[in-house]
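In the two assemblies presented below, subunit A is common to both, partnered first by subunit B and then by subunit C.
Now for the complex of A and B:
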């Protein structure tokens, strides 16, 4: 993995240095390849985490922290995930389980995940993530710290999570000797807030009609950017996107790839391996993914002097947490803000978050005139990718949307 | 001036030629086989020969079906979802929900009076509920696919196949034969199995069928046992056009005509 990340860094740096090679998505890929390198080079204390863990707080304690699903996504995007999925099956995991977590289990079993100093599981977004963290803790002989994220944002619930965060800090110090410097945390949170403010600008620009964002430009952006929160790179990277998008709007609009005919919302996570469908949608049909469900700032700026409460609120506000009505209202808000014509839910195979409530999400978006196409895709395992069938469904969906009047006209 | 539609599916390649008034001039259905380009050529040549036309008579050609991008000389490739909706509406104008069961796809499509698709569902990456499933079962029963369509007559309908998977269902059929089960009961069980799979897809997009006249297309619409079973499970009458296997190609020809005559323009871009 280390060599893979190093090769990616070298290749991206060369491309970024070339004339016209400095694109926002390449800068993004470079920063996350660098994060991958820090995770694997053995020179940084590592914290493997659940998706909504407080990465800025862990950064302030000196950890390179990351949610484990990042490993599954990286293996899928680099085209080598099969070996790890096979190993997970050999170890007894059922193939019907989410392949993000199966890939992580396989990678851990094959020694492809560094043993961390700390493991921080979160109850949100899913049970499979929790089970994966428990398995890692057992395999790597590390104590598992568990954060139970309450389902609703009441004062009592926030207090409950703040108490857990305080315990987590104490536990990490006991386990690793690393202490949390309140001043350093305050500075880290200030940087988080600044990054989020710029990210909000990026999203505001992406909502422009036509969108300056190409379909794959903000792929995984909302879920991955928190890994850099508290670090200067988060602000710089967000600024690169903001400036590029603002420039495209000033020079006439559009993403420079296609003439936008249909605007799409992508629910949950993208397909991580190389596939031709999103490009086909964009370049052949003019159907642009202008927003992803997790490209959404759902929390207020965090008070640097009282950071744990704001961090707790941020964790609770994740769209995947709490009652489905909350998730649906967030999806509706995105659909309105971006004025999308339709939404695509990949219904990631084995994922209860993606598939369990698909009918309710479909109904919720239909209430505001936004049709949803439910696919059945394994977003990590390319071996069950039925390209022809998916192509037909996507094309038919776009044909259907083009024949309809816009929900916003 | 004539318009041509080609529907290249996994089992058959269908061609329909219509005139300026949308009247069907000729149609042809040939097996796709292993080489779909050959099937396309043959199907088109058969229809052209029947109509007595040459290439210069064709103003526009629209292709559909899984091999739609392999059709040379097309003006456009349009999905079978849109084409089936257009085709059935032309043949049976009251229809608002179409069940199409083809070789490897089964689908349910809801549309308005102009053929604009409002919703659709398709089978996933599994042959259950498709023509392939029935083909495999006919093989297991050692009967012709045409013959299979008649074999459930007189069945009491007491036998249920538990396997959804085509491969396992084939094994189950072989076991049932070995156990002495009557062929008509096995076939009735197979029909219910296909219908059960398809009715779920229909209900997903149309929970209430009371105001949606239903029709069926695709080769499986010739199988009266499956149609009967579907009617029972959905509790509706299902209309079948005279040639259910050319509905997609007809829809493609209609789209070709509309586009060539400048009708049915797409919605304007969002900017």
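Now for the complex of A and C:
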């Protein structure tokens, strides 16, 4: 993995140095390849985490922290995930389970996950993630810290989570000797807030009609950027996107790839392995993914002097947490803000928390006139990818959207 | 007033103390298969069948439904239920995945919220005294069931494990008073001495309520001497701490969260505890092997199965995993595998 990340960094640096090679997406890929290198080079203390862990807080304590699903996505995007999925299946994890977690289990079994200093599991987003973290703790013989994220944001729920975060900090210090400097945390949170403010600008610009964002430019952006929160790179990277999008709008609009005819919302997570469908949608049909569900700031700026409460609120506000009505209202808000014509839900196979409620999300978006196409895709396991069928369904969906009047006209 | 529930973590004493009759919504129904309109097909058949019942009106009149956030699918069941029966009262308990003092306080607050809600549903505000009494009577039921399980283990329970499962199913939908009377009546019957035929196995997993499945397993040559199932041995467990200086709500919260872990429970201090508990239980009841019945698409169990396998292997306890949809049909298709497993156990005697 380390060599893979190093090769990627070298290749991206060369491309970024070339004339017109400095694209936002390449800068994004470079930052996350660097994160991958830090996770694997053995020189940085590592924290493997659940999806909504407080990465900025862990950064302030000196950890390179990451949710484990990042590894599953990285293996899929590198085209090598099959080996790890096979291993997980040999160990008894059935293909009906989420492939993000199967890939992580396979990587851990094959010694491809560095043993961390700290493991921080979170109850959100899912129980499969909890089981995966517990299995890692057993396999790596590391203590597991667990954060129960309450379903709804009440004062009691925030206090309960703050209490858990305080215990987490104490436990990490006891385990590793690393202490949390309140001043350093305050500075880290200030940087998080600044990054989020720029990210809000990026999203505001992406909502422009036509969108300056190409379909794959902000792929995984909202879920991955928190990994950099608190680090200067998060602000710099967001600024690169903001400036590029602003420039495109100033020079006439559009993303420079296609003439936008249909605007799409992508629900939950993208397909992580190489696939031709999003490109086909964009370049052949003019259907652009202008927003992803997690490209959404669902929390208020965090008070640097009282950071744990804001962090707790941010964790609880994750769209995957809580009752489905809350998620549907967030999806509706995104659909309105971006004036999308339709939505695509890949229904990641094996995802009980996300794909599980697809019928309810479909109905919720239909209530505001936004049709949803539910696909059957395993977003990490390419072995069952039915390209032909999916292409036909996507073509028919876009055809239908073009024939119907816009929900916003 | 019947109050529906669907998980062994439901706080039955609260329902009883409110004057309600707990009604477990079992996944047994001839209702049309229509839950897929709301939930994805890759959701566990237990929850989909329950939602089928809700959508197909295959339920008695309910005064409300108490659901638990015991897994992603259960959370989705609450979402689906609200959509399918918007007029019905639904309460979702945010059940902490891990035990511990802080979790217990959170859970106690959740139960306090439920206490107020149930009082409104039934028109009987729940007093501490009434809750204490319900806990005491549920503990009597737990003790009675424990005695029946002991008889089963010793081969002295008439009708064996299928009969015990029938008892669990009746308790699942009866008032506490009826349940206590049923168990007392069974305990008053003389023990039999002819029930030790077959290779002793421990049955482990989540939802398996059809007594015919137990008959099938026993016809294959096994004798189910013990179970750890949501619809069986985990249904009613004692709530200790009668003399502890805490409120009955806190005691109930602690008692429920401190139970032996099911697969949805995180054990951060002892990762893999589920496997170790299973080994200990199988040894305690003298099982020669373990049969796991895992409902298809159940992440908490499927995700922990590799660790469970390793723990059992290290303890030289053979394991047979049956993946199913809670029905006799799905287990029946695997009868040959059960027979082969029993033969293998016999050879190692």
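Methods note: the second predicted complex is superposed on the first by the 409 of 409 C-alpha atoms of A that agree within 3 Å, B and C clash if a C-alpha of one lies under 4 Å from a C-alpha of the other, contacts with A are read in each partner's own complex, and residues count from 1 in each chain.
Convention: contacts are C-beta pairs under 8 Å (C-beta built on N, C-alpha and C of every residue); 3 or more make two chains touch, one makes a residue touch a chain.
No experiment lies behind these values; they were computed from the predicted model shown.
In the three-chain model built by superposing on subunit A, subunit B and subunit C fit together without any clash.
When the shared chain is aligned, no partner comes close enough to touch A:13: not subunit B, not subunit C.
In the superposition on chain A, contact is made by A:399 with subunit B only, not with subunit C. More residues of subunit A are in touch with C than with the other of subunit B and subunit C. In the superposed pair of complexes, A:138 makes contact with subunit C only, with no contact to subunit B.
With both structures placed on the common chain, the touch criterion links A:204 to neither subunit B nor subunit C. Applying the stated contact rule after C-alpha superposition, one finds that A:262 touches subunit B and leaves subunit C untouched. Contacts of A:324 after superposition: subunit C is touched, whereas subunit B is not reached.
Of the two partner chains placed by the overlay, only subunit C lies in contact with A:357; subunit B stays clear of it.
Our summary of the superposed model lists a minimum C-alpha distance of 5 Å between subunit B and subunit C. Judged by the document's definition of touching, no subunit A residue lies at the interface with subunit B and also at the interface with subunit C. Of all residues in subunit B, only 66, 78-82, 105, 116-120, 122, 124-125, 266-267, 269-271 touch subunit A in the complex they form.
Those residues of subunit A that touch subunit B in the shared complex are 209-210, 253-254, 259-263, 286, 339, 341, 371, 376, 384, 386, 388-389, 392-393, 395-396, 399-400, 402-406.
Considering their complex, residues 91-94, 96-98, 101, 105, 121, 123, 126-128, 130-132, 134-135, 137-138, 143-146, 148, 150-152, 156, 160, 163-164, 167, 323-325, 347, 349-353, 355-360, 363 of subunit A touch subunit C. By the touch criterion given at the top, residues 36-40, 42-44, 69, 71-73, 75-76, 78-80, 82-83, 92, 94, 96-98, 102-103, 105-106, 109, 263-264, 266-269, 271-272, 296-297, 299-300, 302-307, 309, 323 of subunit C touch subunit A in their complex.
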